[in-house]
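Below you'll find the structures, each written out as structure tokens.
You will see two complexes here that share subunit A, one where it goes with subunit B and one where it goes with subunit C.
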Partner chain A sequence: MTRQKRSHHKLKRAVAPYLYLSPSLLIIGLLMLLPMATVIAYSFQNSAVLRRDPTFAGLKHYQAIFDDPVFWASLWHTLYFTCMSVIFHMTIGMVFALMLNSDRINPTLRNILRVLYILPWLFTAVIIAVIWRLLLEPNGVVNSILMQIGIIGSKIEWFSSPETALHAVTFANIWAGYPLFMVSLLAGLQGIPKDFYEAADIDGAKAYQKLIFITIPQLMPIIISISLLDFIWTMQVFPLIWITTGGGPIYSTEVLSTYTYKLAFSSYNLSQASASAVVILLISLGLTLFYIRYQKAR
Partner chain B sequence: MTFRIKPAMLKIAAAAWLIGATAAMADTTLEFTQWWEPELPAGSLRKIMDDFEAANPGIKVTLVSGPYATTRDQISVGAATGTLSDVVGLDGAWVNNLNAQGALADMNPMMDASKFDKAQVADIIKVDGKAVMFPVASFVYPVFVNLDLAAQAGVTKLPSTRAEFLEAAKKMTHADKNQYGWVLPLSLQTPSGVQNDMMSWVWASGQSMMANGKPALEGKPVVDMLTFVKSLNDAGTISPGIATKTEQEKVEEFVNDRVGMMIDSLAHVNLIRKRNPKLNFDLIPVPVVENYTGKRGLPYASWGIGISAASKHQEEAWKLVQYLMSEKVNAKLVSLANAFPGNVNAKPDFVTSDKAFAKAFEIFKTGYLANEFTGLPVAEDLMTQFDVQAQKMLAGEQSPEQAATAAQKGWMAKF
Partner chain C sequence: MAEVVLENICKTYGNNFRAIDQLNLSVEDGEFLILVGPSGCGKSTALRMIAGLEDITSGSLRIGGTDVVDMPPKDRDIAMVFQSYALYPHMTVFENIAFSMRLAGKPKAERKKRVDEIAKTLQLTSLLDSKPANLSGGQRQRVAMGRAMVREPAAFLMDEPLSNLDAKLRVQMRAEITRLQKQLGVTTIYVTHDQTEAMTMGDRVAVLKGGVLQQVDTPKRLYESPVNAFVAGFIGSPSMNLFEATLTGGELMPGAFAIRLQDAAFVRRPGLKSYAGRKVVFGIRPEDLYDSSLESGRKYQTIPARVTSIEELGSEHIVHLNIDAVRVDSGDPDAVQDFGLTSNAVARFEPDSTVRSGSEIRLALDDTKLHFFDPETHLAI
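And now, the complex of A and B:
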């Protein structure tokens, strides 16, 4: 083989993988990178989208949103909503997974519970929002039950009161999201070798010791992975909050997604909306990098 | 079997294609983007367009239809990219922004050139002196009263003033039975409650929220309205859940006998009847301040129409606008939509066949259409800002005066 042929062959070998990847790369580029780059570009323009000849604005729109107290309130609400959701998704998911994995529960009852527990996962965000709006409305079932058993003395406007609205939407989101943890942890529980528990029984370990020293360490990779993914997804929740409260009352449930939406479609300030979207992107990107590094380390 | 194409057949086919192609080239095709078609009986808007095409040979109309929100986004993007349809359905809340983008044509020269009778139209929406929109169909917002609840509460005379309204609302309220006098939807998701359920009190008494083209929210009319709404709330007459209530929920509560009175679109009359055929209700104008005897402003939402500044067929587009605004066609369109006409001479058929609509038409004829949000910049954002301040007031965090001052400050920043 001549030298020229060899180098041609080498080039072909080097290029071939990229040719195989090119359809996927093209789709990712068109559907993800291009829109992202466009939004980033908009965030540096005056009157983005609304004018055919937008001018360069520098960091003006970032400055404007950082000076807006509603933005900081939205950031705080987003963090509260996300952290509480992830913590309770994990806790409830773990409790239900342990319950469904237990031999002490009758198999028929276990199957019924399995179906019941997974139900919230089957509903779309709109349905969940409508269900909870009906349940938590001032004349709804929840107030009626709580008043009958004497926990509250008068009707509470769960979604309409600034004191309770954020907790109420967080509660609805917790209800909607725990099945993901439950299913993942149940799969993990079924993969833990029984020998571990038998050895622990021989050593006289109590139930809580088996949970702390065997179950949780064995499930830790799943817990961390799912928690990180849940954190990223929950940070971007929009329809549930939009339909239940619209970010109100008085900005009390305004989160970054509703804040950005209002800037874009209520104020028609697409430049500032883009700047806000870029901030969300950066936060999500930070978490994603953390997730990737964790996955690599494993 | 073999099939031979004879030369004569080929010639006929070629001639037919040539005639067709020439005819197609001679036609002007107008694109008409609106959200009306899905809200009208199936095929009815297309039928009106077919009639227009028959009356105007050489002009074809392509309807681009979608839900309201989609149409709004489509028009915003079209205005920015210079691809706006020739004729566009408009909401008064959009026109200021679209005009600022230079997207809407001034219809003044077209009216002058065609000697269009301006007196025949109910309103012409102008921004910076440019005529940018005609309301084709108007959906007015009277007060709906549940007559059975009113009778049970001993309300014999339906309220005509704010004080009478407050009294009636108090009498109709029985919180223990989940029954309230009035309903106020102030959800931030759709802040139109500010326009329809709050500012309508100002306009009804012939007052204004503006002065010299600028917001005047700290003026007596708006502060009085806020004080009045607060008094209704303090008296416990408003159905709970105000801050997250939507217009749809407002109607549901009325339909289910849970509120005695609501301000709502006339377009919902048939929906209310369908949802609760037994509901005994009447329509009255929005009550006014004491001793007011002038004409009453009637809040309304409208299907507006305008022409794209980028259209290459403005002459033909103007023909379509004129056609839709003409007496007979306008009457036909609004009859289908259960709306009031954009042409003052048009009389929709439902006003003679239906008592509720006949009553509303009387209210419409004795008052005037009033919606000061039409033509304002970022109207929805202004409503949101006012909504937040009203919510703070109703939550007891501030007085009506403070709410008005805070809203004024926010609005001024947008002007």
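And now, the complex of A and C:
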């Protein structure tokens, strides 16, 4: 082989992987990177989209949203909504997974429970929102049951009262999201060798000690991965809140996604909406980098 | 340390499958007993019942004089080494060994002292901070031993602990476990399907088949005086050759040839005379068959045979043969592998034997080493 032919062959080998990747890179570029870059650009412009020749605004829009108390309320609501959702998704998912994995429950009942527990996962966000709006109506089933068993004295307007609205949407989101944890943890539980528990039985471990010393450490990689993903996804939840409360009453359920949407499509302040979207992007990016680093470390 | 006594132990599963049938076994204080048998014979089930990991359907089980049938595993004062070692991957070697002490709420200083002692005995001191994933098979095996030793139990239960190791390491660990057991003097029940382990490690060996105890004896007596054809076939590698023959006028007639029996054979087994004129099963071990061209000095009887294949192992030749006789199945599933499809006998020749595959030879046999079994019951005569 001549030197020229050899270098041609080398070049072909070096370029080939990028050629294979190019279709997906092109699609990602067009559908994700380009819109992302555009939004970032909008956040630094005055009257973005609305005017043909927008002027450079510097950090003005960021300053504006940071000065807006509703933005900080939205950020706090987002954090509350996300943290509570992730914690309860994990706790409920773990309890149900342990129940479904237990030999003490009759196999037929276990199969029925498996279907029942997974049901919330089958519904789209819109259906979940409608179901919970109906259930939590002042004249709905929940109020009626709670009054009958004497927990509450009068009807509560769960989604319309500023005191309860955020808890109510968080509750609906917890109900909708635990099956992901349950299914993932159940798969993890089924992969833990039985010998571990038998060895612990011989060593004298009680049920809670087996949970602490064997089950949870064995499930830890799944718990961390799913929790991080759930955190990222829950931070961006929009339809459930939009349909149940629309961010109200009096901003009490306003989260970053509804705040941004309103800036863009109610106030038509697309530049400030872009600045808010960039803040969401940065928070998500931080969590994603943390997730990728964790995956690499494993 | 304690005596382990099993009396009429039965195990029946929900589908009426009887895994263990009337098992009676007494393991003396400090004894090393091996439970051996082919796959599915119930040996692991028996061990797990002693450990308390399986319920006992009926019968009594005493450890150190205490009836433990209704006791949970932790109260039985036993420690178990699992086939998979069951080491916790998220814990270090130290934490794995100290786990039972931690559960028992023993102070840190005491845990450290005890684990250090054990690590020294098992040569694990430099590995105490490692995780199981970073250890070799042999090291993991030693950690599993350490975890059992730390409890200072009345009895050790071991479930095929060497089956995950390669052949060379297995030989090494065999000696190591035997040495440790003698040093500690703890009653040990050891389950294996490998009869080499059974023969080399145990003070006594209990052979199980289909959930029924066949024989409990010293390895030497199992080898020399098996109580039935199954034990005869199972103990020894390659398996004993078993054939059907008619006993006529002091001669065995398996086929077109005859094997003359000495008077001593009838003196040692008075019952053999009653088989005159009837069918009988006779057995001879591969090591009691010789290449006649090398054995002219010993004046053994010879029979015709055709060599089907030879495995040259360096120290010996395993020679697969076809002889004019009907082979009898001992009931040991592994025996089929020893014989293969084209041969019905196997012999162990010295390495200077020059027999070749496909050749017709005269096979010398030591008739004083013949074993006899009833053709119906397969019980030794």
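General observations
Simple rule for what comes next: the second predicted complex is superposed on the first by the 298 of 298 C-alpha atoms of A that agree within 3 Å, B and C clash if a C-alpha of one lies under 4 Å from a C-alpha of the other, contacts with A are read in each partner's own complex, and residues count from 1 in each chain.
Basically, a residue touches a chain if its C-beta (ideal position, glycine included) is under 8 Å from a C-beta of that chain, and two chains touch if they have at least 3 such contacts.
Only a predicted model underlies this, so the values are computations on that prediction, with no experimental measurement involved.
On the superposed subunit A, the two partners subunit B and subunit C both fit, without a clash.
Of the two partner chains, subunit C is the only one touched by A:Gln218; subunit B is not. Centred on subunit A, the angle reaching out to subunit B and subunit C in the chain A superposition, using CA centres, is 150 degrees in steps of 10. In the superposition on chain A, A:Val49 contacts subunit B only, with no contact to subunit C.
Legend: residue contacts after superposition of the two complexes on their common chain; A:Thr244 is shown touching subunit B, with no touch to subunit C. Among subunit B and subunit C, the chain that touches a larger number of residues in subunit A is B.
With both structures placed on the common chain, the touch criterion links A:Phe196 to subunit C but leaves subunit B unconnected.
Minimum Cα-Cα distance between subunit B and subunit C in the superposed model: 50 Å.
When the two complexes are superposed on chain A, none of the residues of subunit A touches both subunit B and subunit C. By the touch criterion stated above, subunit A contacts subunit B in their complex at residues 49-52, 133, 137-139, 155, 157, 159-162, 165, 242-251, 262, 265-268.
Here subunit A touches subunit C in the complex through residues 193, 195-196, 198-205, 209, 213-214, 217-218, 220, going by the rule given at the top. Of all residues in subunit C, those touching subunit A in their complex are 51-53, 72-74, 78-80, 82, 84, 86, 88-91, 99-100, 103-104, 147, 151. Residues 73, 76-77, 79-82, 97, 101, 178, 187-191, 240-245, 258, 378, 380-381, 384, 387-388, 391-392, 395, 397 of subunit B are the ones touching subunit A in the complex.
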